[in-house]
Amino acid sequence: MTAAMMARLADGVPRRTFILLGTLLAALLIAPWIVNDYLLTVLIVILYSAYTGQAWNIMMGFAGQLSLGHAIYAGLGAYVAAVLFTKFGIGPWIGLVAAIPIAMACGAVIGFLAFRFGVAGVYFAILTIAFAEFARIGFDHLGIVNASAGLFLPVAQYAHNDLWRLRGDPTMFYYVILAATVLAFIVCRLLLRSRMGYFWLAIREDEQAARAAGIDTFRYKMYAVTISAAVTSFAGVFYAFFYNNLFPEQVFNIGRSIEMILGPVIGGVGTLFGPILGSFVLTGLAETLNSAMSAVGLDLPGAKEVFYGICLLFVIVALPEGVWPPLARRLGIDRGKR
Amino acid sequence: MTALLSLHRVGKRFRGLVAVDGVSFSVPEGAIFAVIGPNGAGKTTLFNMIAGAMAPDEGSIVFAGQPITGLTPDAVCRRGIARTFQLVRPFPALSVEDNVIVGALLHRHDVGAARERAQTLLRRFDLFDRRHQPASALTLPDRKRLEVVRALATEPKLLLLDEAVAGLRPTEIDRMVAILRELNRESGLTILLIEHVMRAVMALASHVLVLDHGTAIAEGTPEAVVRDPAVVQSYLGAEAV
Amino acid sequence: MTVDVYLNVAVAGVLTGLVYGLMALGLSVIFGVVRIVNFAHGEMMSIAMYIAVLLFSAFHLDPLIMLIPIAAVMFVFGYALQAGLINPFITRPEHSQFLLLVALAIVIVNTLLIVFGPDARSVQTSYAYDSFQLGPVLVDASKAYAGAAAIAFAAALFAFFRFSHIGKAIRACADNYTGALVVGLNVNRLYALSFALGAACVGAAGSMMTLIVDVTPNIGPAYTLLAFVIVITGGLGSMAGALLGGILIGLTEALAGLVFTPSAKSMFAFGVLVLVLLFRPQGILGKRAS
């Protein structure tokens, strides 16, 4: 990164923010040495959710388009990379190069259909659900991905970490997803402060007024959808190589799409840090409940989810902007507008 | 004076209701042109057609020598026509400054340059001190002024103002009028405005068009129009003269 | 396959579709009036289904007879839910509304799991295996009764909205919120009432549904989606549209299940949805928003 870019990145950011972010980053960097294997996996889940939350946030928080079928982009990324690997031995990073355009094309189709035909708001959200369901059922019958029987990646015993083929121990995956999340954060920050970012915010706030100010809203909404799709597709590639098994029923499930939006909505839609904080809060909550329940010896299937749902209800009702904005104000690093 | 904007027999109907019926007029460059008339006369529909928010059913609109009939609102803005809204619409969660930056970014692609221009305009219109506040926190007169500033940031040749002083107190009206007059004098900005507040119309306009039930019933200087018997009968009432 | 098989399947689909339609009618009332994206709609129906199953296994009370009481219980539940929890969310952004109801759905599904366990429950009425012969068509008795009950309930609701004072007030609210306030209607109470009515529909539909399918704790989400497909296809704001949409979806589902593989049948519903959203967003019978 050039000096000019770094300057732009840091422009206007209060010093306190730097210190807080820096501390968090440092803690995350040394985490694998401090925590046990189980917690490391938890951290990977948190960062995965933070990453997908950021990606979704581009479409919703920035451009104001509510997507409830975002799992389709991750799913496409996962399957493209997995098929290329299992059938042709092509590594995940090359697979990513193939997955991104495919996810973008899918986003472009959905976006084009919706925006050209004036499908907005709740109807747009339902349209995205329909497409994701389509993918789920479609892939359930698709031979090349083994349909509903599932696609499995070979998990051989590796002597050392293989970054090129993403085969290795959890620590490697941890650093990959951490790097990706940090990168996503930086990219989002740059996007927000760019001309396109301003146009997105204008569209989110009031699309008619944005058009009256000369913004070609169709074009910029398309950019938002395709960029969001592209960023999300990497998550899919990661998912495929980390879990090593893909079932359409799980990958494209509406539950996945909902999981993607939980972080940002709890943390704060439209903010940069919201998705990250939201993921920590949610997964932290889930894990606390897990531990509490096993400590008490309670093994009731469904009990944990009920508590989880109630906590969600509470946060949604009590904190309309999410957890981050009031917290940022408390910490004195709030910059007012976004 | 050349006509910057001309409408030729422009009409619009909504399912049987004729909103605008074959209206023609020209706005000379550098003029301040007011469109007045009773409620429901078709003024905002006319505006919307010029601004591209609606397409006319008949007739044509020519701006700076180029036809703009049926262009989308953003295309119209890029050609050099900026507009404000009757019910003011700033970007509520964005700061005052960001609101104007959005407008400035139309022609200045660099965010830094756009910010500079925004700040210049904000200083000029006395909103600079509040530039970091969210637009939703402003009072109505300030929000109206902000919308005008945002429109100006797009560097228009023609500014469409839809009831820019509605709801303002007399001192605020005078202030807005003074600003608009200054703009027109200094930069030659052509202004087309819809207005009910006759105080503002008389102070600002060089030309006036009166609409009633979708047709033009009078056109001319403010003094002449205000005395026109048809206008007095349909809109102004005898006391206004 | 002979024409008879197609006819039988089609008729079964239509009858099931009527029950779908009633469920969707509830959503039409809720979505159309209160404008809340009720993503817990199917879950609410599963509550009703479990009540029906419980009443049957404990007291041998036929779900069709218990229709009204169960609808009444869901009415109260819906009223309390709207007035107590959902009302402030009407002005909140859609993603917040959506998540509120998703969270509620999670709580419902898992509470049902805890209380009833994961195994499927069903209602075995005395007429469960009966059927009528109507010309060339063999009609399943349970489905026939369920379909008839659905029509009756929908007709009653339709009459309520058409002819009663409160019904008209609710329609006024839906058409013009500000106008309703201006003429002095207590909009909050009417919203709660509308949600309650929607819940009652769902309750009735749930009762009937137990005659057709087995219930497990997690059937809710699929029905929620189905309800949205039906409401959008049939037309928002049109009660007849919801029923029509239900019949249409029930029919296509049944036939698609026959012609293609059963698991692909919901793909058709979604295909129809996409087409409707693109080309006729007001649905088949809905009014285009001006």
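Lettered A, B and C in written order, each chain numbered from 1.
Basically, contacts are C-beta pairs under 8 Å (C-beta built on N, C-alpha and C of every residue); 3 or more make two chains touch, one makes a residue touch a chain.
This one's a predicted model, so the numbers in the text were calculated from it and none came from an experiment.
Under the contact definition, chain A and chain C share no contacting chain. Nearest to the overall CA centre, using the mean of each chain's CA atoms, is chain A.
With respect to chain B, maximal separation of chain centres occurs for C (centres as means of Cα atoms). Looking at contacts between chains, the pair that accounts for the most C-beta pairs is A-C.
Separating the centre of chain A from that of chain C, both taken as means of CA atoms, is a distance of 33 Å. Per-chain Cα centroids separate chain A from chain B by 43 Å.
Centre-to-centre, using mean CA coordinates, chain B is 49 Å away from chain C. Every residue of chain A that touches chain B in the complex is listed here, in rising order: 193-195, 198-199, 201-202, 205-206, 208-217, 270, 336-338.
Across the interface of their complex, chain A is touched by residues 37, 85, 88, 92-96, 98-100, 102-107, 109-111, 113-114, 118, 217, 221, 225, 228-229, 232, 261, 263-264, 266-267, 270-271, 273-274, 277-279, 281 of chain C.
In the complex of the two chains, the chain A residues touching chain C come out as 60, 66, 68, 113-114, 117-119, 121-123, 125-127, 129-131, 133-134, 137-138, 140-141, 254, 258, 261-262, 265, 269, 300-303, 305-306, 308-310, 312-313, 316-317, 320.
Across the interface of their complex, chain A is touched by residues 51, 53, 72-74, 77-78, 82-83, 85, 89-95, 98, 101-103, 105-106, 109-111, 114, 132-134, 150-151, 154 of chain B.
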